[in-house]
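You will see two complexes here that share subunit A, one where it goes with subunit B and one where it goes with subunit C.
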Partner chain A sequence: MVQSDRLCKVYRVKEKKGLFKPASIKEVVAAKDLSLTIEPGHIVGLLGVNGAGKTTTIRMLAGILEPTSGTFTIDGIDGVKHPREIKKKVNVITGGERNIYWRLTARENLEYFGALYGVPKALLKERIAALIDLVGLDDSADVPVEKYSKGMKQRLQIARGLINDPQYLFLDEPTLGLDIAIAKELRAYVRDLAKEHERGILLTTHYITEVEELCDTVYLINEGRVIKTGSPRELIQLAQMGVGVRVHVDALPAAAEGSIQALAARYDASVETAQDEQGVSILIHGTENLSTHCMKLLTDEGLLVKKLEITEPKMEDALMKLTMEG
Partner chain B sequence: MFRVLLATAKRNFIVSRRAYPWSFFVGRVITGAYTVLISLFLYAYLFQGQTNSLFSTYTDHADYLAFAILGAAFFTFAIASIMNVSRTLMVEVWEGTLETLLLSPSSRLGYMLGSLLEQILRATLELAVILLIGWVAGARFPYLHPVQILMVWVISIFALFSMSITLAALMLSTRDTYISQNTLFILMSLLCGVTFPIQYLPAWVQPLSHAVPFTAVLDLFRKVILQGHTIGEHPGLLIEIFALSAVYLTVGFLWLHRSERRFLQKIFG
Partner chain C sequence: MRGIWRIVQAEILKQHRNTFHSRYMYFALLIWPVVIFINAYYDFKPFNLSDSMSEYFTSVESMVTFLITGFLAYNSFGALVQSAWMMSFERRNGTLEMVFLSPANRMAIIYGRTLGALFQNIWMFLIFAVFVTICFQGIPLMNLLYLPLVFLILTLSAMIWGGLMNVIFMFSRDAGILFNVFDEPMSLFSGVRVPTAVFPLWAKVISVIFPLTHTLVIVRSLLIRGSLLGSLPSIGYLIAVCAVMIALTRIIIAKAEKHGRETGNFSFY
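Moving on, here comes the complex of A and B:
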């Protein structure tokens, strides 16, 4: 299990005032009191706007950036004191085209990284074949990477990140630049890694559908702090985004309107009615989905419902709202 | 560590072969060849084939042409070895691969030695070609004892590696390669007795010459090839080489570790 306890990272950035003036030091807080847990078999989302501290957190947990304060352990190993030990258990996949050797072929890249991780030679050969197949680079495995397209480079990045069969995989915008089919395959593979192979996954992404599809738990961070934690569903509820139910009827008698108002009052919801050429539109907006109640009530009043629309809250909007609330 | 060493050497070999199939090698051989020719012209046309008695005293009656050509060839070997090993981490920065390298639990010593191994093989080939050009130009190397030469070669690799690590730390801490390496190489060419004995330098400068392990290595190399000495006859030079190299290596690795941490703060911050 990955457990961080009050991790902080403060960068000291020099700000030059002029050619002959001494530079001033500015402190930038990239992470503050970050405590999070990644259990084997779980996919944890780390979300936030650009500059929120997601990548810094991943770099600290991967052992390449020393925290300013705080600690973290990976399967009981202190990551601050023994970064080399924890590096054997983790790997990082980042979006983009860097982090691979362009003059080498995909196979040569994987052979090199496999050697850096000390993967036994026989096993490495098998694993390289499987990973090349997984990322769909079979036909270009022996072509130098500099001749690859952006998507192919990104696919090789994924293979590189899996070369040591990590216990914990940190994915930093992993599907950036990938075509839909490969992105979908990667998501399926990530889910399989977590659920079938008990790997712990930390995911940062700007694609909210990935969060909804994959994450068991989400840490929402802003300005280096965790501001909310929960499952995607819990975060939506926390944001109190509510559900909108809109029904269309030919006409709305006063008695029926009264019943609707009473229903809304009982569930702390709001009601808006509007008359148009086709009849009356009723919008009930509350924390719960009142469509069943509403339909029953209108049917009991003898009214024919011509159209029913339910507006579910969007994860994206919920995250935006929670971030703004801080 | 050996796995990382061999893998890094292989990787660098492939990259060099694909990036600069011949140009890098030819470029450095040409530089060495020019140095040989300059030495030849100076000796033949400026000095009229004469050197004064001081030169004979300082070099134990060595032939100037052979002295200068050995210096030029070995200096080219040193530059090639030091430059590529010391720049290797900066090259990772330029290529955008430093982060993935640091992510792995690989041995840094193995990685640096891997860069050295690939470089040494090429630099040795360059050394041999330049010595051949020197021989064609008229320089004579009277004592070519393979075992003694091999031992000096191995000792020189240790000394040059120690200098590379210190230079790598300097490059990483200043984020510069060009000024750092060229300043060092110019100082080496002036201070280490490449084309003239260090005794010609002012007395106050000579201790600086002995602060660079390359000076003693080059001296030992010449003593073996020009005088036919064995390395065992020069315990003072051996102590100087090993002591200085140990200091460079220790300081270099400590500094490198510190520079790496600071560098990461700078590029990620």
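Moving on, here comes the complex of A and C:
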């Protein structure tokens, strides 16, 4: 299990004052009191706007950045004191085209990184074949990376990150630049890694669908600190985004309107009605989906529902709202 | 130990695949040093060697042997300063951070890197050196027995020197100034073209700093004089210098990694 306790990272950044003036030092807080847990078999999302501290957190947990204060352990090993030990258990997949040798082929890159992790030769050969197949680079495995498209380089990054079969995998925008099919396959693979192979996954992404589809727990961070934690569903509820139910009927008699108002009051929801040329539209907005209740009530009143629309709350909107609220 | 050797092998192979992608590179590696060698040869050729105050400049044959050993060793050491300078590209491409993300033995990575660069950079010049030596017959036949020892001393000392250079460049991306400090002065003060014995005292003091000086003394003593016993003090001195360089490499790499972890400067992003 990865467990961090009040991790902080403060960068000292030079600020230029002019050609002949000495630069001043500015302190930038990239992470503050970050405590999070990644259990084996779980996919944890780390979400936030640009500069929120997501990449800094991943780099600290991977042992390539030293926290200014705070501690973290991976399977009981102190990551601050023994960074080399935890590196045997983790790997990082970043988005983009860097971090791989462009003059080498995909296979050569994987052979090199596999050797650095001490993967036995026979196993490495098998693993490289499987990973190349997984990321769909079979036809270009022996072509220099410099000839690859952006998406192909990203796919190689994914294979590199899996070369040591890490216990904990940190994914920093892993599907950036990938086409829909490969991104979907990668999501399926990540889910499989977590659920079938008990790997702990930390994921940062800007694609909210990925979070909704994959994450068991989400840490929402802003300006380096965790502002909310919970499952995607819990975060939506926390944001009190609510569900909108809109029904269209030819006319709305006073008795039916009264029943609708009573229903809404019972569930602490709001009601808006609007008359147009087509008839009457009723919008009920509450924390719960009241569509079934509403349909039953209108049918009991002998009204014909012409159209029903349900507006589910969006994760994206919920996160934006929570971030704004701080 | 097997794990360390595997990393060294992987690093040598990567170095070859990443840097030497065209066969024209090999010709570039040969032509430039050969031109410098020929230049040095014709610098001395017009002078009357029988009046020379150095035992190495008594005949054309001995002079050629002196120069070719000097340039072979200098190319070995010089190539590693250049290879260290290439470290900045690894940092910029983000691959240095990926290497440090792994738990691999850092000293194995560094020495694998230097060995790769060494073999790649000098093998063509080595063939040229052997060819020149055979043509001029400057090395007594018996002394050729020392060739394995000479290559071992040359390879190890250059590798250890290159390791130190690599970690210094790892520490700072602005270490390019070392290229100027160690390249030409090393050629001048280490006795590549001129024996250090004829230097004034101040130059002799500077020459002691460079491990190449001691390597050259041993290589020439073994190949030209055939004196193993006479080389022993220099061998002892070189071992001491190499031990200091290994210790420095270890200390600097640990400090460079700590500094990189504190500042996040293994990568630019």
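A few remarks follow.
Just so we're on the same page, the second predicted complex is superposed on the first by the 326 of 326 C-alpha atoms of A that agree within 3 Å, B and C clash if a C-alpha of one lies under 4 Å from a C-alpha of the other, contacts with A are read in each partner's own complex, and residues count from 1 in each chain.
Following the convention adopted for this analysis, a contact is a pair of C-beta atoms (placed from the backbone, for glycine too) under 8 Å apart; a residue touches a chain by one contact, two chains touch by 3 or more.
Since this is a predicted model, take the numbers as computed values, not measurements.
Taken together in the superposed arrangement on subunit A, subunit B and subunit C clash.
When the two complexes are overlaid on their common chain A, residue A:N289 makes contact with neither subunit B nor subunit C. Touch criterion met: A:R160 reaches subunit B and subunit C at once. After overlaying the two complexes on the shared chain, residue contacts for A:Q3 are found with neither subunit B nor subunit C. When the two complexes are overlaid on their common chain A, residue A:V28 makes contact with subunit B while staying clear of subunit C.
In the superposition on chain A, A:F113 contacts both subunit B and subunit C. Shared interface residues of subunit A (contacting subunit B in one complex, subunit C in the other): 11-12, 56, 59, 62-66, 84-85, 87-88, 91-92, 98-104, 108, 111-113, 115-118, 144, 160, 164. Residues 11-12, 56, 59, 62-66, 83-85, 87-88, 91-92, 98-104, 108, 111-113, 115-118, 144, 160, 164 of subunit A are the ones touching subunit C in the complex. Within the complex formed with subunit B, the residues of subunit A that make contact are 11-13, 28, 30, 55-56, 59, 62-66, 84-85, 87-88, 90-92, 94, 98-104, 108, 111-113, 115-118, 144, 160, 164. Put simply, subunit C touches subunit A in their complex at residues 3, 6-7, 9-10, 13-14, 17-19, 21, 93-95, 97-104, 109, 258, 260-264, 266-267, 269.
Contacts from subunit B toward subunit A in the complex involve residues 3-4, 6-8, 10-11, 14-15, 18-19, 95-97, 99-106, 261, 264-265, 268-269.
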